[in-house]
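Just below sit the structures, each encoded as structure tokens.
The following pair of complexes shares a single chain, subunit A, combined with subunit B in the former and subunit C in the latter.
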Partner chain A sequence: MPKIIIDGTEIEARDGVPVLQAALESGLDIPHYCYHPGLSIVASCRLCLMEMKLPHPQTKEMGWAPKLFPSCQTPVREGMEVRFGTEKVEANQKTCMEYFLLNHPLDCPVCDQAGECHLQDYSYKFGSAESRMYEQKQVNPKKDIGPKTLLYSDRCVMCTRCVRFANEVAGTGELCVTNRGGRAEIDVFPGVPLDNGMQGNVVDICPVGALLDKDFMFKQRVWFLKGGDSICPGCSTGCAIRVDSNENVVHRLKPRFNPGVNDWWMCDAGRFDFKYVHDVKRIAKPRLRRGQESDTPDWSEIPDIVRYRFEQHIARRGGASVAVVLSPMMANEEAWLLATYIRSLAPEATLLLGHVPIEGEDERYPVGCNDDDAKFTINNEKCPNRRGVEMLIEQLGGSTCAFEVFAKKCADGEFTAAWVVGGYPKGWPTKDLTKSVKKCELLVAQDIFENELTGEAEIVLPACAWVERDGSFTNAGGKIQPFERAIDPIQGARRDGQYLFEIAGNEGLYSGERVREMMADKMAAYANVAEAPLKPAHQH
Partner chain B sequence: MIEEKDIIIVDEPDLSTTEKLYLPQVVQGLRTTFKHLFKKNITVQYPEVKREQRVENYRGVHRLNRDEKDRVACVACFMCQTACPANCIHIVAGESPWEDREKYPVQFDLDELRCIYCGMCEEACPVDAIELTPEYDIVGRSREEMVFDKEKLLAVFERTKDVKPRKNPRITGYAGTGDREQSSGNTEGEG
Partner chain C sequence: MADYEPVLLKHEGVENIRSLEVYRANGGYQSLAKALKTTPDEVIDEVKRANLRGRGGAGFPAGVKWTFLPKDRKRTLLCVNADESEPPTFSNRYLMEADPHMVLEGTILASFATQAQTAYVYMRIEFHEPFHIMQRAIDEAYAAGLLGKNILKSGYDLDVYIHRGAGAYVCGEETGLIESIEGKRGWPRIKPPFPAVEGLFGQPTVVNNVETVANIPHILERGADWFKSIGTDSSSGPKLFCVCGPVNKPGCYEGPMTISCEELVMSDAYGGGMRRGVPLKAVFPGGISMGVLKSDELQMKMDFDDPRNFGLLGLGTAAAVVVNAESDMRDVLRNVSRFYSHESCGQCTQCREGTSWLYKIASRIAMGAGRIEDIDLLEEVSGNMGMMPGFSICGLPDGATFPIRGIVQKFRAELEEGIRNQPSGRADALLNVLN
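Showing the complex of A and B:
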């Protein structure tokens, strides 16, 4: 851990990081565009220049070197002394900002980046209020560079982060810089649009409004959005994300820095596949079959009804006839509440892991890399918590079986009561499953959409989308990652955790943290989940 | 928390015998009343008689201006919605059908009942598209009717453009060459 002196204050830096990174981590706000910790260093924007003490060539006496050095390209060394707060450095920042703004249009009011734009922030903090440019501005064309992304090249500051991303992380290299000097532009090669599984990240790393997401285009101004720290449920990689919503509508998902899991990135599938959250066909109310009649009971009646029906059934058929299918879409807390509740009624009940959707092979980025060199992996398990549910079933012990065996045993009449949790956005349930499961005398379906299974069920409970719940997912690497609620459940529905909490006989409000505490008493693995705050080591 | 030192106790004033009668005060009050009987009325018989517009920047019903090409001048930047302290503006933006314009409001709803007529929207508008007019006598039979949509707000512009013509929008702080047409903002200087 080398110690360096920035503006007279000694700070401890991590080994091998650039001075800029050390300064940012110590809380200083140093302007920079081209530097991104996840990409190679080009030192082209010249905004982060600093003064540095070097030995005089003849006298070997340490003194401030007359020239400025790019702090992003200078690695930290023990005892080095640099400064940012000087006239020379500030004059450079001001000049750079003026150059960046020469041809930049004044269209902040209609630009989607406004509010989270680093050109805005830096010109406010480090730039000048007036422009001396009175020539006609150069207007570069707007380009449709891919099916999901637009490029407004007149807003571009040529930091080339997007080009480096396409080359180094996505590995597809669709983007390039054409022309030179003042006429330089970002472009795609003819006939090769920006279309890879990670391309959404170029919009995130663009410090200005040059690259825009077509999906989010014109939807909201960013200052209306509220961010909820969440975990992507798209696959078992478990990327940390931020759910940006306004007035209970999710507008976009953004990656959060999560070292070792997704670093700074997320894939397009995860980024754009949240639309089902606002599908009007979602189940909104609990439903109950009383004889031939279908009834919509009040939420307050549900715990008693569920308990009564299960108790009746167990008295008649015995505890071994009960099976609980825990979906890998469930949070650990919800699965635990449900599993322990059923076990409290029938200790010999079977707990099993539900359908695990698998699509193709794991996708690794950069494209064509070896498994060990992968910077990002999209898992082929399209559910967030297979590992967590498995761990839980293992910890709780007792009777369990494979999902295929469950269907068979239902068909054979071995299981006569089943609680089947779904919650999959698509591809669920299969016809065969429905055919065997509907033989059950008591079927509870907990699902997000109406399907054949919910049609057959005695009790239907609405499952909420992950943005409406809170809890934790265990990713493929075994890391337990908590996520928080971003929006309220749809009208009439309640969070899965809340009704399971009540069904299990608890009073008050469910919270992931509260249930994790209850779990930690029995299972040590859940003790220190919340003690891993994800602090961004980088500002944009 | 109010502290003891901040409390001031005011005693009731002592009244003299004549003051306790209250008669002089009654006479004084009636004198004011009768004096006004012979003065010129300052009230008017509304709605037969309407009061004159006294100030130019009277803050009445809103309007959405049309630009020189007769299109809605709003660029859907949401600045008014952001500035609005009463949360009465609701905009849905879309891609504009015109070449020189990025965004335009697909939907623009303004709840005239919820509005507090503070004029912050007019202050915030970068293209002077939303303005408050001298018109104040709006009525409706339901709350829904008082939520003015884009068409209604444009109609207010048609009604009031003679009384209060649209200002020529100019981006302030631009140290450029003077009169240059302000259209999409693509050709303008920095703020």
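Showing the complex of A and C:
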């Protein structure tokens, strides 16, 4: 941990980081464009320049060197002294900000980036209000560069972050710089669009409104958005994300810095495949079958109904006839509430992990890299919490079985009562599964969409989308990561955690944290599940 | 300088000197034979002692540059810089066309000194003739055992390739050149790492100019002391000069670095004076990038040190562009600034935006739509770029600052007068068109 002096104040920096990174982490706002901690250093925007003390070439006495140095390219060294708050440094920032705007169209009113744009912010903070360029602006074109992205190259500041991302992280290299000097532009080659499994990230790292997300384009002004810290449920990688919503509608997902898991990135599938959250066909209300009749009871009746039916069944068939299928789409807390509740009624009940959707192989980036060099992995398990549910079942002990065995035992009449949790965005139960499970005398289906199982179930409970819930997921690497609720459940529905909490006999409001405290009594791993420390802080 | 004995151009007039046979008959490749019997360190020492300073523009001592290579390196690569894109400079081309084997012998010697086993001659695409001439020389040398494996049975191996660039000024900058050979955009690299440690293909690399290496055979043949007897202590050895513009004898000449700019332009041994007797107004003595001299500053010596006394960046390529009294400095300014705006590679903000803005302002002034305050603006913008103050990655914008600021500072009165005498209303009308 080298100590360095920035503007007279000593700070402690992490080993090996550039001065810029150390300054940002210490809370200073140093304007910069080309530097991104996840990409190679090019030191080309020349906005982050600083003054530095060096030994005089002749006298060897330490003094402020006459030239400026890029703070992004200068690694921290014990005892080094630098400064940003000087006339020279500030004059350069002002010059740069004037230059960035010389040919910029100043179309903030129609720009999606407005409000989270570092050209706006830096101009406001470090620039000047007027342009002294008197001549016509260079107008670079707007280009459709791929299925998900537009490039308004007239807004580009040529930081080349996007190009480096495509080369270094995605490994697909679709982006390049064409032309020279003031005529330089970002572009793709004809017939080779920007199209890879991580392309959405280029929009995130573009410090200005040049790269735009077609999916989000013109949907919202960003200052109306409310962010919820969440974890992507798309696969068991468990990327930390932010859910941006307004009035209970999710508009976009963005990655959050999460060292060692997703770093600064997320994949396109995770980013764009959230639309099912607002599908009108979702199950919104609990449903109960009484003989031939179907009824929608009030939520307040549910705990008694469920308890009564299970107690009756257990009295008739014994506790071993009960099986609970815990979905890898569930949060740890929800799974724990359900599992412990059923075990409280029937200690012999079987707990098992439900269907784990697998698609192809793990995808590693940069494309074509060796497994060890992967900067990002999309897991082929398309659910967030297989590992968590497995761990839970193991910790709770008692009877368990594989999912296939469960189906068979239902068919054979060994299990006569089942609580099956789904919650998958894509249709899941097979005909065979349904055929076996429907033999149960008591079937509870907890799911997000109607399917053959919910059609057969005696009790149907709506499962909410993860953005409406809170709790924690355990990713493939065993990391327990909490996520918070970003929007309210759809009308009629209740958060899974809440009704399971009530069914289990608790009073008051469910919260992931509260349940984790209850869990931690037995399972220490769930104590102190706090958000990963978000250092290094990085504004953009 | 009637008594100057040409060195680099000594074979001028020798028929067929481009052929290996004739070059050898005139003493060629004897330095190589001699050097191969000694050690690389001996060659380095002799070149160091001769104080051979780089002829590519910066004037860095070649022998010292070679010692920056790490001692424990496994491979070394040499690049001979034949990109020659500085305006009015054509001495590298002249030399390669006049005496290709001299350049090649120098290349082999520089490679031997640095223990490079591969050398690349980086040549701009526009050099068609020099390319064929140099390639023929290389082919002949291979056939004669002067290149390839076990050169002259010394055990030393070397391959030489000509790499033809696509024609960009910035590819003459040594790390732009390296990127270009690697097949990438000619974007200069940030340093460190310096090329001597991590250059072409990540290997220790030396970049030397064509004229620099062409001096080496002569140093080894006649010794460092002879070399130092030409010119001055800090500017030793023969030098090629170019003169162009409205003079009587534009061309490439050889001389010692003791001559003045005035001699270069006016003397019969060189430029031969102003054509039609039109008075001289200005000279850009080092290629345009070093800055400009007024007519009363021509006493400047064409050496590595004196240009600084006249507000110039350095000797540069020692190619003088002469401007006569018939030219309007507003047009000169526009022409100069167009070059940098066209050639900036576009990485660094200050250089990319600064050079294009300067060109826009200069064009407007040249079109008769200038404003007096533009002159200060030109000075300010050209002062806000360059590698020396830390504003950019490479030296290209320093080369823009010096001539543009030089014109503004030294010819301010003329520019102001031009603006004041613009046809009235023209500025507004033109601005309307421009905007």
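Heads up, the rule we're going with is that the second predicted complex is superposed on the first by the 533 of 540 C-alpha atoms of A that agree within 3 Å, B and C clash if a C-alpha of one lies under 4 Å from a C-alpha of the other, contacts with A are read in each partner's own complex, and residues count from 1 in each chain.
Methods note: a residue touches a chain if its C-beta (ideal position, glycine included) is under 8 Å from a C-beta of that chain, and two chains touch if they have at least 3 such contacts.
These figures come from a predicted structure and were not determined experimentally.
Enquirer: For the overlay on subunit A, clash or fit between subunit B and subunit C?
Expert: Here the two partners, once superposed via subunit A, fit next to each other without clashing.
Enquirer: According to the contact criterion defined above, which of subunit B and subunit C contacts more residues of subunit A?
Expert: Between subunit B and subunit C, the winner on subunit A residue contacts is C.
Enquirer: Quick one: classify A:Phe218 as touching subunit B (first), subunit C (second), both or neither.
Expert: First partner only, subunit B.
Enquirer: Just subunit B (first), just subunit C (second), both, or neither: which does A:Leu47 touch?
Expert: Once the two structures are laid over each other on A, A:Leu47 reaches subunit C alone.
Enquirer: For A:Met158 in the superposed arrangement: first (subunit B), second (subunit C), both or neither?
Expert: second
Enquirer: Please indicate which partner A:Val110 is in contact with in the superposed arrangement: first for subunit B, second for subunit C, both, or neither.
Expert: First partner only, subunit B.
Enquirer: Identify the partner contact of A:Tyr134: answer first if only subunit B is touched, second if only subunit C is, both if each is, neither if none is.
Expert: After superposition on chain A, A:Tyr134 lies in contact with both partners, subunit B and subunit C.
Enquirer: With the two complexes overlaid on chain A, check the angle at subunit A between subunit B and subunit C, Cα centres, nearest 10°.
Expert: Value: 90 degrees, nearest 10.
Enquirer: Quick one: classify A:Ala184 as touching subunit B (first), subunit C (second), both or neither.
Expert: In the superposed model, A:Ala184 contacts subunit C only, not subunit B.
Enquirer: Name the contact category of A:Gln73: first (subunit B only), second (subunit C only), both, or neither.
Expert: In the superposition, A:Gln73 touches subunit C alone.
Enquirer: According to the stated criteria, A:Met198 is in contact with first (subunit B), second (subunit C), both, or neither; which is it?
Expert: A:Met198: touches no partner chain.
Enquirer: After the two structures are laid over each other on chain A, how near do the C-alpha atoms of subunit B and subunit C get, in Å?
Expert: Here the least C-alpha separation of subunit B and subunit C stands at 7 Å.
Enquirer: Per the definitions at the top, what is the overlap between the subunit A residues touching subunit B and those touching subunit C?
Expert: Of subunit A, residues 132-134, 136 contact subunit B in one complex and subunit C in the other.
Enquirer: Which bits of subunit C are touching subunit A when the two form their complex?
Expert: Per the touch definition, subunit C meets subunit A at residues 168, 185, 190, 341-350, 352-357, 360-361, 363-364, 371, 377, 384, 388-393, 431, 434-435.
Enquirer: In their shared complex, at which residues does subunit B touch subunit A?
Expert: Counting only subunit B, the residues touching subunit A are 75-79, 82, 93-95, 102-103, 126-127, 171, 173, 175-177, 184-191.
Enquirer: Which residues, counting only subunit A, touch subunit B once they are in their complex?
Expert: Residues 101, 104-110, 123, 129-134, 136-137, 139, 154, 217-219, 221, 223-224.
Enquirer: Please name which positions on subunit A make contact with subunit C in the complex.
Expert: 41-47, 49, 66-70, 73, 91-92, 95-96, 99-100, 102-103, 132-136, 138, 157-158, 160, 177, 179-184
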